[in-house]
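Next up, some structures in C-alpha cells.
Consider the two complexes below, in which chain A is the common component and chain B and chain C are the respective partners.
Showing the complex of A and B:
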C-alpha cells in the first residue's frame, strides 16, 4: 500500500529520526516518552471513533511495562526487540481474554468495567512483593541485537526504536482504518443495530478494536518502561488511564497523525507547565481539555483538516496521512 | 468470634463512609445521567473545609458539639458554592451531549479543582482529629469502638432514611422521580427541569462535601484524597446500580464488609477485592444489582 500519504508519513518519520541527532538530549528523552505514550493514544483513538472511552487502558500499558521489567528480573533475556514484543503479546492476550466480556458493553458501562479491570491489576501490583509492591522496580538497560550503547547514544537508540515501532503502528492502523472492520467505526457509533443488519457482528468488531488497542498500549508501556528504566503500580492507576483519555480527546479521532502530534504537544505543555507553574499545571491541562470539548469537539486535529478542506470540497475520509 | 465481630464493626463503619460518599454521586447520576468525576473534588473540598473549620474552632477552645456542627456547616456551604458554580458555569453548556463526553467534562473540572485545592490550602496536610478524640470511645467485650465511628454509622443510616423518605413523600422528591423517569414528559407537564437539575447537582455536591467533612477527623486531610475516593465511589455505585439509592446502600455494605473481611483475614487482597467484586457484578448484571437495563434504541 504505497500511497502518497504513506510515503509522506514515512518521510516525516525519517526526518524526525535524523533531526534527533541535532536536538538537545532532554528533548529526545521527552519525545521518546511522548511517542511511546502516543501508541497508547493511537489505540484509544481506535476505540474513541466508535464512541468508546476506556477509563482503564492503563491495564494494558502496565502489563506491557511489567512484562519487560519481569523478563529483565527473572530471565537473562535483554534484547529490546524481544522484550517489547513480549510486552505486546502479553497485553494482547489479556485484551483478547477480557475482550470477550468487555466487548459486550458500551458507553459508561464500558468505561466502568475497564476501570475495574485496571484497578484489579493495580490492587494486585500494590500488594504483591514478588511484583515489586508500591515501589515497583528498576528495569535494566536493554541491548539492541547484541549492541549495548551507553549514555547519550542509548537514549538516541531508544528514540529510534520507539520511532520505528510508531511508524509500523501508524501504517498498520492506517490500513485498519481503511479496511471494512475499521471503517465501520463511525456507523457503529451512530447506530449499532443498523450495522448488525449489514451482517456484521458489532461485538466482534469491538473485540478486534480492543485487541488492537491493547497490543498498542502494551508496546507503549514496554517502550515507556525501557525509557524510564522503572516500573511502578501507578502505571495501572486510573489517573494514568485518565491522562491517555485526555490526550485522545485533545488530539481528536480524526487521523493517525493527531495521536503523535497530540501526545508530543501534551508532554511539552506538561513539562513547561510543571517547570513554570508547578502548582497549577493540572489547572492548565483541565482548562485546555474543557475548552477543547466545548469549542473543538473533534479535537485539535480537526483544526488542521478544517483549514485544509476549506478551499476544496472534502476529498477523503478521515484516516488521513499515516 | 472476636474476629467476626471486628469484621462486622469495621465493615459497617467503612460501609457508612462509602455510603456517605456514594449517595451524592448516585443521586446526580440518577437524575442527570452524569457520571460525576468531580465528586472526588467535592469530597476533598469538604474535608479541607472541615479541617480548617476544626482548626479555627478548637483553637479558640469552644464547645465540642458546636465544633462538629460548625465543621459540617462549613463543608456543606463550600459544597453548595462549588456545586452551583460548576453546574451553572460548565455543565449547563454540555447538557445533551454524549454521556461519555460529559464524564470527560467533569474529569477536566476535577483536574482544575485539584489544583485549586493546592492554591487555596497549599501542599501541607491538615490534621483535624479533635472531634474524634473528644467523642471518646466505649468498650464492647474485648473490642474498643470509637463513639465517632458509631455516630458515623448512625448518620449514614439516618441519611439513607432521609433520602428515601424525601424522594417518596416530599413534593420535590416526587418531582424528581418524574424527571428521573422521563425528562421530556416532565418538562411537558410544566416541571422546571432546569431548576431541578441545578438543585439536584447542588444537593449532590453538598452530600459529597458532607462525606469529606465527617471523614476529615478520621484521616489526615492531604493531597490526593479526592483521587482515591472517586474510584471507590464508582465501585460502590456500579455494584449497586447507578442512580439507585438502595443500590448505593447495598453496594456500600458489600464493599465495606468485603474489605473489612479482607483486611482481617487476607490483607494481601484488600484493594483487589473491591474491584474484583465490581467487575464480577458488572459481568453478570451490567446495570448493577438494583437497576433495570435500558432498552436499546433503534
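Showing the complex of A and C:
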C-alpha cells in the first residue's frame, strides 16, 4: 500500500513533527488538541459520506477520555500507548453494541438517536459523585514507555504522540476508503436496494462505519484527556458533538487530509476569535461557517482538489493524499 | 427435483385476508427462458419477490439447485446464485456506468462479510476487466463515462441487468425488462439482453406484458391470474389458450365458454 499519496502523506506528517521544534508552545498545544479532535472529525467524515450525521459522537469521545482518566485513577498503568488503546477499545465496544440499534436508522432518526445515546452518558456522568459529577476529575500524566517528560518537553512528546496516532488513522482510513466496503458510501446514499441485491448488507456496512468512527472518536477523546489532564461530563454534551459536526462541515468529506486541515483551521479561528472578541467570539465562528457553506459547500478540503483538478482526473479514488 | 435448477412447491403468499399467490408449483430446468405473464395484481411480482427473498412465502418451498432457500434473506439468495433486475432500474445515479459496473463486479467477487470487504480494494485488475467485458456484452460501452442519472431509460435498464449478472448468477429474474421503453426499442433491448444471458449461460425468468416479446423470447410461458398459474406451456399454446386470451392478453372478450375451456 505504499502509493505516492501515502508517501506524500508520510512526508507531511514528518515535516509537521519536525516543525513543532520551532513553533511557539501555544501553537503546539493548540495543534495537539486540534489533531486529537481531527480524529473524531475523520470518523464523522466516514459517516458523512454515506449521508449519516451523528449528533452524538461526543459519546465515544467522552468514553475514550473517561477510560484514560479511570485507568489513571484506579490502576497503576500510566503508559500513554496502553491507555489510549484502552480508550479506543472501550469506545469501539460501545459503538459495536449500540450499533445493533443505531445501524438500522437513517437521516434525522439516526442523528437524534445518536444524540440521545450521548445525552444518556452525559446524564450518568453528571449524576456520578464518585467521578466528580459536573466538575469531572484530574487525569494522571502519562509516561512514554517509561519516559516521563516535564513541561515544554511533555507538550512536544504529546504532540508527537497525537501526530503518530493521526498518521496511522489517516493511513487506515485511506485504505478503508479504497476498499469495497468503504467505496459503498455514495452507492449506499444513492440506492440501498441495489447494494443489498448485489449481496452486501447495508445495515452491516453502517454498523462497520459506526465502529470505525467510534474507535477514532475514542482515540481522539483519550488523547485530548491526556493533553488537557482533566475530564468532565461536558465532553459528552451535545454541544461538543455539535462542534465536531461544525468542523466536519468546515472541512468537507472530500479527503482524509481535510479532517486535519479543517480541525486545525477551526481551532485557529476560534483562538483568534476569542482574542479579538472575548464576549462574542461565536459570532466570528458562525460567520466563518456561513461563508464556508456559501462559497465552499464541499468544505475546505475542496479548495485543494479544485486547484489541482485535471480535466479527466480519475474519480474513483476519493481517498486523496495521506 | 429431477434436474431442475429451480423448483417451487405449493407456494402461497397472503397479506392478511388477501391472497397474492397460491398453489404455485413449477420446475425450471437449467438454461430455460421462462416468460411470466398476467394482468396487474395477478401475482407475478409477488412470485419474483418470493424467489429472490424480498418476501417470505406464507406456505410452500423453494429449492435452488436442490437446496432449500425458502425464506432466506435476499442477500444470501443473491450470493447463492439467484439474481434479479427491477421494474424500475436500480442503479447508482451519482456514479458513471463503468463505476456502477466496477462496484457490482467488486461486490460479486468478494464475500458476504463486510469486514472482508473492508480489506479488499475496490479497484482490482480482475474487477476492471469484468466491468469492461460487461459493458461490451450489454452494448453500453458507448455510455461508459456518463453518469447513470443522465442515461436514457433503455440504457439504464441494460445497466441494471448487467449489474444483476455481475456476480455470475445461474438464475436471473427480470421484472418487466421492457417497461418504460418505447415500442421501437423493446425488441432491440431484449435481443441484447437475451443474447448476453445466453452467452453467460443463465436461466432466465422474465415478467412481461408485451405478448409479442413473450412469443419471441420465451421457451415457456407461465400465465398468472388471481395469484395462481392458469397456464404453463409453450408460448404459442399459452397465447392461444382462451382463458389467457380473456384474462391477460385481451385478444378475446370474456365469455362463458372461455371459463369452461
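Keep in mind that, in the parts below, the second predicted complex is superposed on the first by the 313 of 322 C-alpha atoms of A that agree within 3 Å, B and C clash if a C-alpha of one lies under 4 Å from a C-alpha of the other, contacts with A are read in each partner's own complex, and residues count from 1 in each chain.
Everything that follows uses one rule, which is that a residue touches a chain if its C-beta (ideal position, glycine included) is under 8 Å from a C-beta of that chain, and two chains touch if they have at least 3 such contacts.
This one's a predicted model, so the numbers in the text were calculated from it and none came from an experiment.
Colleague: Putting chain B and chain C on the same copy of chain A, do they fit or clash?
Modeller: fit
Colleague: Scan A:218 for contacts with chain B and chain C and give back first, second, both or neither.
Modeller: After superposition on chain A, A:218 lies in contact with neither partner.
Colleague: For A:193 in the superposed arrangement: first (chain B), second (chain C), both or neither?
Modeller: In the superposition, A:193 contacts both chain B and chain C.
Colleague: Could you say whether A:107 touches chain B, chain C, both of them, or neither, answering first, second, both or neither?
Modeller: Touch partner of A:107: chain B, not chain C.
Colleague: In the overlay, answer first, second, both or neither for which of chain B and chain C A:92 touches.
Modeller: neither
Colleague: Using the touch definition from the top, say if A:43 reaches chain B (first), chain C (second), both or neither.
Modeller: neither
Colleague: Pick one for A:289: touches chain B only (first), chain C only (second), both, or neither.
Modeller: Once the two structures are laid over each other on A, A:289 reaches chain B alone.
Colleague: Which chain makes contact with more of the residues of chain A, chain B or else chain C?
Modeller: Counted on chain A, the partner with more touching residues turns out to be B.
Colleague: Have a look at where A:299 lands relative to chain B and chain C in the superposition and call it first, second, both or neither.
Modeller: A:299 sits against neither chain B nor chain C.
Colleague: Considering only C-alpha centres, what angle arises at chain A between the directions to chain B and chain C, nearest 10 degrees?
Modeller: Value: 80 degrees, nearest 10.
Colleague: Quick one: minimum Cα-Cα distance, chain B versus chain C, in the superposed arrangement, integer Å.
Modeller: Checking C-alpha atoms only, chain B sits 7 Å from chain C at its nearest point.
Colleague: Let me check the overlay on chain A: which residues of chain A are in contact with chain B and also with chain C?
Modeller: Chain A residues touching both partners: 191, 193.
Colleague: Show me the residue ranges of chain A that touch chain C in the complex, using the header's touch definition.
Modeller: Touch list, chain A to chain C: 175-176, 178-184, 186-187, 189-191, 193-201, 204-205, 207-208, 315-317.
Colleague: For a test of understanding, state which residues of chain C touch chain A in their complex under the given definition.
Modeller: Listed in rising order, the residues of chain C that touch chain A are 52, 74-75, 78-79, 83-84, 86, 90-96, 99, 102-104, 106-108, 110, 112, 114-115, 117-123, 163-164, 166-167.
Colleague: Residues of chain A touching chain B in their complex?
Modeller: Going through chain A, the ones touching chain B are 51-53, 55, 101, 104-105, 107-109, 111-113, 115-117, 119-120, 122-124, 126-128, 191-193, 238-239, 242, 245-246, 249, 279-283, 285-287, 289-290, 293-294, 297.
Colleague: Help me check something: in the complex, which residues belonging to chain B touch chain A?
Modeller: Residues 35, 90, 93-94, 97-101, 103-105, 107-116, 118-119, 123, 227, 231, 234-235, 238, 242, 267-276, 278-279, 282-283, 286-287, 296-298 of chain B touch chain A in their complex.
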